[in-house]
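Have a look at the structure below before the remarks.
Chain lettering (A, B and C) follows the sequence in which the chains are written, and residue indices restart at 1 in each chain.
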Amino acid sequence: MNNPMAKLTLAPDRYFGPDPRQKEIALDLYGLVSHLPLVCPHGHVDPRLFADPDYSFGTPTDLLILPDHYLFRMLYSQGISLESLGLPRRDQGPVETDHRKIWQLFADQFYLFRGTPSSLWLNHELHDIFGVQEKLTSASAQRIYDLIAAQLTRPEFRPRALFERFHIEVLCSTDSATDTLEDHRAIRLSGWGGRLIPTFRPDAVINLESPDWRAQIRALSTVSGIEVNGYRAYLQALEQRRAYFKSLGAVATDQASLTPYTEALSAAEAETIFQSGLRGEAAGAEAARFTGHMLMEMARMSIEDGLVMQLHPGSYRNHNPSLCEAFGPDMGADIPIATEYTRNLRPLLNKYGNHPGLTLILFTLDEGAYTRELAPLAGHYPAVKLASPWWFHDSLNGIARFFDQVMETAGLYNTVGFHDDTRAFCSIPARHDVWRRAAANWIAGLVARGLIDQEDAAEMIQDVAYRLAKRAYKL
Amino acid sequence: MNNPMAKLTLAPDRYFGPDPRQKEIALDLYGLVSHLPLVCPHGHVDPRLFADPDYSFGTPTDLLILPDHYLFRMLYSQGISLESLGLPRRDQGPVETDHRKIWQLFADQFYLFRGTPSSLWLNHELHDIFGVQEKLTSASAQRIYDLIAAQLTRPEFRPRALFERFHIEVLCSTDSATDTLEDHRAIRLSGWGGRLIPTFRPDAVINLESPDWRAQIRALSTVSGIEVNGYRAYLQALEQRRAYFKSLGAVATDQASLTPYTEALSAAEAETIFQSGLRGEAAGAEAARFTGHMLMEMARMSIEDGLVMQLHPGSYRNHNPSLCEAFGPDMGADIPIATEYTRNLRPLLNKYGNHPGLTLILFTLDEGAYTRELAPLAGHYPAVKLASPWWFHDSLNGIARFFDQVMETAGLYNTVGFHDDTRAFCSIPARHDVWRRAAANWIAGLVARGLIDQEDAAEMIQDVAYRLAKRAYKL
Amino acid sequence: MNNPMAKLTLAPDRYFGPDPRQKEIALDLYGLVSHLPLVCPHGHVDPRLFADPDYSFGTPTDLLILPDHYLFRMLYSQGISLESLGLPRRDQGPVETDHRKIWQLFADQFYLFRGTPSSLWLNHELHDIFGVQEKLTSASAQRIYDLIAAQLTRPEFRPRALFERFHIEVLCSTDSATDTLEDHRAIRLSGWGGRLIPTFRPDAVINLESPDWRAQIRALSTVSGIEVNGYRAYLQALEQRRAYFKSLGAVATDQASLTPYTEALSAAEAETIFQSGLRGEAAGAEAARFTGHMLMEMARMSIEDGLVMQLHPGSYRNHNPSLCEAFGPDMGADIPIATEYTRNLRPLLNKYGNHPGLTLILFTLDEGAYTRELAPLAGHYPAVKLASPWWFHDSLNGIARFFDQVMETAGLYNTVGFHDDTRAFCSIPARHDVWRRAAANWIAGLVARGLIDQEDAAEMIQDVAYRLAKRAYKL
């Protein structure tokens, strides 16, 4: 089925529409931005990679497969067990440990990714980062493994070296509110010039329904030095942590909630629910109201301390409990739900949405909200900006839909450029490349159809590829 | 950033897809309709413009910026105050009054509209109506202001003259049920040949929750000469007003409701709720049921008097109360919500949807309903027809989605052509031009892919650009 | 309006995008599959057609109009009565019986279908099956009627002959759980080589709210030989029927429910509701819970007996009760509703979704669920596969949206090829042709934009056109 010597090539005009004239414009536009630095305001790369200057990525399997739930969810959906892919079981049960064997299994199944963003990213990484010249197939798997493994032993393939080679201007990690950010401090102290900054993610101390919440509150007391025995101390501790994150360079916060429901509780109500949480008694609706209230409090704090506020609603986490029990979260079993923004965000926006000091960046997994709710909201409220396509929608078609459905109503300048949002460090250049090419293709379409002139196009491609992210996140 | 002498040009093949063969077909089709008169069955142009033969539009800012909430909402979203744009505050507080300064501010920010329909419309107006040859930028702003201001002093730029120059066959305004239509009567009496007709919009006398409702009911009593002290008199007064509107040429009614919920109340229930409204006590669910009932009553009246029934659901009005308090409604702060048609309209359609005498034209701000609900409903019920894309969706991509998502299931002949739906009189030709070009492009795509032949294409473009609107609205 | 001698032609490159290079690739890909046999895993062709070797289709009107609610719903929406189209009334009231007159009426109105899938299918049938060379118009109607009528008298136009000419490898009918499958048995006994197999559809014995349910349960007792007087006997009878269907070749079951709600009832709860149904007292929520429980039971049985499970949710049946009363169901008055899968299917998927023995094929009438819910579910759960676009969405644009919105996240290999899903036997080749061409066009777009290579493209087109359906349905 696979030609054993099939070549792997990346066409210089890849991802552009086929019309020759539009493609020429797209290539010109892409040329204006292909060498600009990468601004990465939201992601999940582990800062540990950069704290130790000699950090090694391990095997090709360690680097490219194990941290990437985009990959193993697809194999799982085709009946391949996570054990056979070497994912560690919570119960320490036996899993495959032969990384060559896992790599071979993955290569055997790589045809499953035909036409998916994962295949674009991986082929880009193999070709541009590791110099792989042949297509990943059953036949080539071990040769490619050898080549990558050899590269990974070289100093040029340490994380810091790649960070520089990737031309990353700034990389934001995502960190729990109770994180002491030791790795971030170590990076700062090391004198290394790479800019890696934390993002304040308070989900674990806000979600009263989490079984772990009380332990998180104790951790919050410890790290903040404030005894969190009530709602007022809780707010103080959060504000203290935000200040600490800011002192290490943070420019933003991030929250994930099932819905974007917001509601302003009175201090007394908030205290009552908080105390109920401390007793382990906070129930469904109560917990949801508290989360909605804390979204508003985070907006208030953002106005006070200037941190940009990101909101990621609409993911039903751990949809598959038996898998979660065996392997933990983030195994590809988070499934989106329909998400309503117009009514849910109204309390927050009515109170803070007209304030010049707030930037609220909205993400969505429900593309139905693009034209109906998100673009009109962003096209009206000064505080609201729209994020690039998130997760499943960070794909060529997903990005094209975003441009086509959002820009006419929201306007380009109410969006904020690209978020690579990845755990897979080596996929960052590939992801930005897809974004920049898709943007060039979109803008070229506007030129080819006479909607804008070349001058506007040149500004727009630089905005969407680089400037908007810097401006929105104050980077 | 802006080349001070950048030219403003409108390409003859603008808005068409880039493929040369398809573009050639599109140009041919567009040529069949580009000179047809404009039929405008739904809009918000003030009839006062045509009542006085010497009406002057005022300054370029009066004409092009102040009546257009599409424009100032975008500037507001970028932190520019409505005061600085000269929008009058309800409290008479100070706002900018220098129209040149407002124009300059707008020109400085015009880059925000890159790729939006507003920029297409405005460039078309500047170029084709006012003869502007250079791009609107900070540098050209005052020159362009001068040129437009000079034109506006000429008799050819009076509203009636432009009405004729625009080749408008009929223009429908939207008028409150309590409006005495003095301007419409004056136009009729003046002997001017332009056809401007009213549309009956009863929202203010139907929505029991409006704080203004009781005042509206008193106004209804006054204008109808029927004392509206109960439900039966209320219906009689509405029927009387419909007849009055019809006597001045009206062909249609229009209603906006938060949802398309319908329900037939008994006369006794309707009376009870109506009386509760008269006492100022009508509550949320009660008011919603009454609105749903009145949708059914309006359908009944339409069958009796032949007025076409338009329904505009799904806009959450005045989402931003502090803005509404300061400046009033229609400031760009109306945000769509998800809208359900299948179940909500069932009572109305079961009772009246098979009747040959009813035409119910459905609008939507929720594009998700196109393929799921609206096209199947229109493709079945004799009464149901689908309106062109509304508001945020009246854009090149919005129109393309409408054609792609509606036509296969509903069929072209269950749609009703174009609604420009604007307050901005001078944007009417530009809006019809976008529609006609987008339609030509869509139909050319059908020819190029072998779905229809040239003969069908020639019929379809004339239908969609001109005939369907005349037929549906009996114009 | 119609040129009386207008020709009917089918362009060899029809349905492909206009770009010449992409079209060339699409033609090559289409050439790889255009002659592959047709696999038809889901449809509504009456098995009676094949039980009698001399079965005749009757008149052109009998064959092409009367069984096709896609056609008469459109005419009905334009005010043409079903009586004038010859649809039989339940009350035996008078309807048109002159089939030539009906055909003429249809031809007069055939312009209503411009750009719709019905026109593509019908033109394909006329041209390729019946050799019609001129366009169907008012002028040509009777000539075309004559030509088809003459063909239908010939032995080559008996159903079995056409089955072979159409190159159908297997055709699945849809059969009630209480059907004794006499026609299927007769076909087996006849020695004819065509593979026609039943599908087990238990809706009528599961939906407690159906007025017919108790009669259906009595029928179930009769055909199974098990007295269905309680929940346990009910399950046994269903299992017995599934085994019977399997013995006649069935590979799948099918269920339609208003929503995909699932819930595991205890045996005692199920018994209580079942008994309440037997007394004719099962109410709305109770009936819905029972349906949700039975979806889970059907999944369990599928794991036990290996039958593939199909689920068709989200159609609001018989939306127009007066029409249903006059003419019965399936008259084009079924309207989709918004459909939620993530939460509704969770109980079923948590219990059975990881099981290697289950294949659950999900259909939708709500395209909003493609990217938001269905693709992520299919891209994770081993049991979940996605069906091709259903009903209104089985159209060129609908198929394009499916490919663009589903494949990046679900991956091609979590989909199952094409379902023609038709009552109109002669439309089967046309429907597969649209699918195969649309697939070739989609894959050609991936090649043209450098997302996949030619080798992958060749595999993918064969998978999507032929192999996936065979594999998923174990055919």
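The rule we apply is simple: a contact is a pair of C-beta atoms (placed from the backbone, for glycine too) under 8 Å apart; a residue touches a chain by one contact, two chains touch by 3 or more.
All values reported here derive from a predicted model rather than from experimental measurement.
Undergrad: Would you pick out the chains that touch chain A and also touch chain B?
TA: Per touch definition, common to chain A and chain B: C.
Undergrad: Compare the two sides of the chain B and chain C interface and say whether they are made mostly of the same residue numbers, over half shared, or of different ones.
TA: Answer different: the two copies use largely distinct residue numbers here.
Undergrad: Find the geometric centre of each of chain B and chain C from their Cα atoms only, then give the gap between the two centres in Å, rounded to an integer.
TA: Spacing between the chain centres: roughly 40 Å.
Undergrad: Which residue numbers or ranges of chain A touch two or more of the other chains?
TA: Residues 17, 19, 338, 368 of chain A each touch two or more of the other chains.
Undergrad: Okay, in this complex, where on chain A does chain B touch?
TA: Answer in residue numbers: 17, 19, 21-22, 338, 340, 342-343, 346, 349-350, 353-354, 356, 368, 371-373, 375-382, 384, 404-405, 407-409, 411-414, 445-446, 448-453, 455-456, 459-460.
Undergrad: Could you please specify the touching residues of chain C with respect to chain B in the complex?
TA: 1-3, 6, 10-11, 13-19, 73-74, 76-79, 111-117, 119-120, 135, 316, 319-323, 332-338, 365-368, 392-393, 395-398
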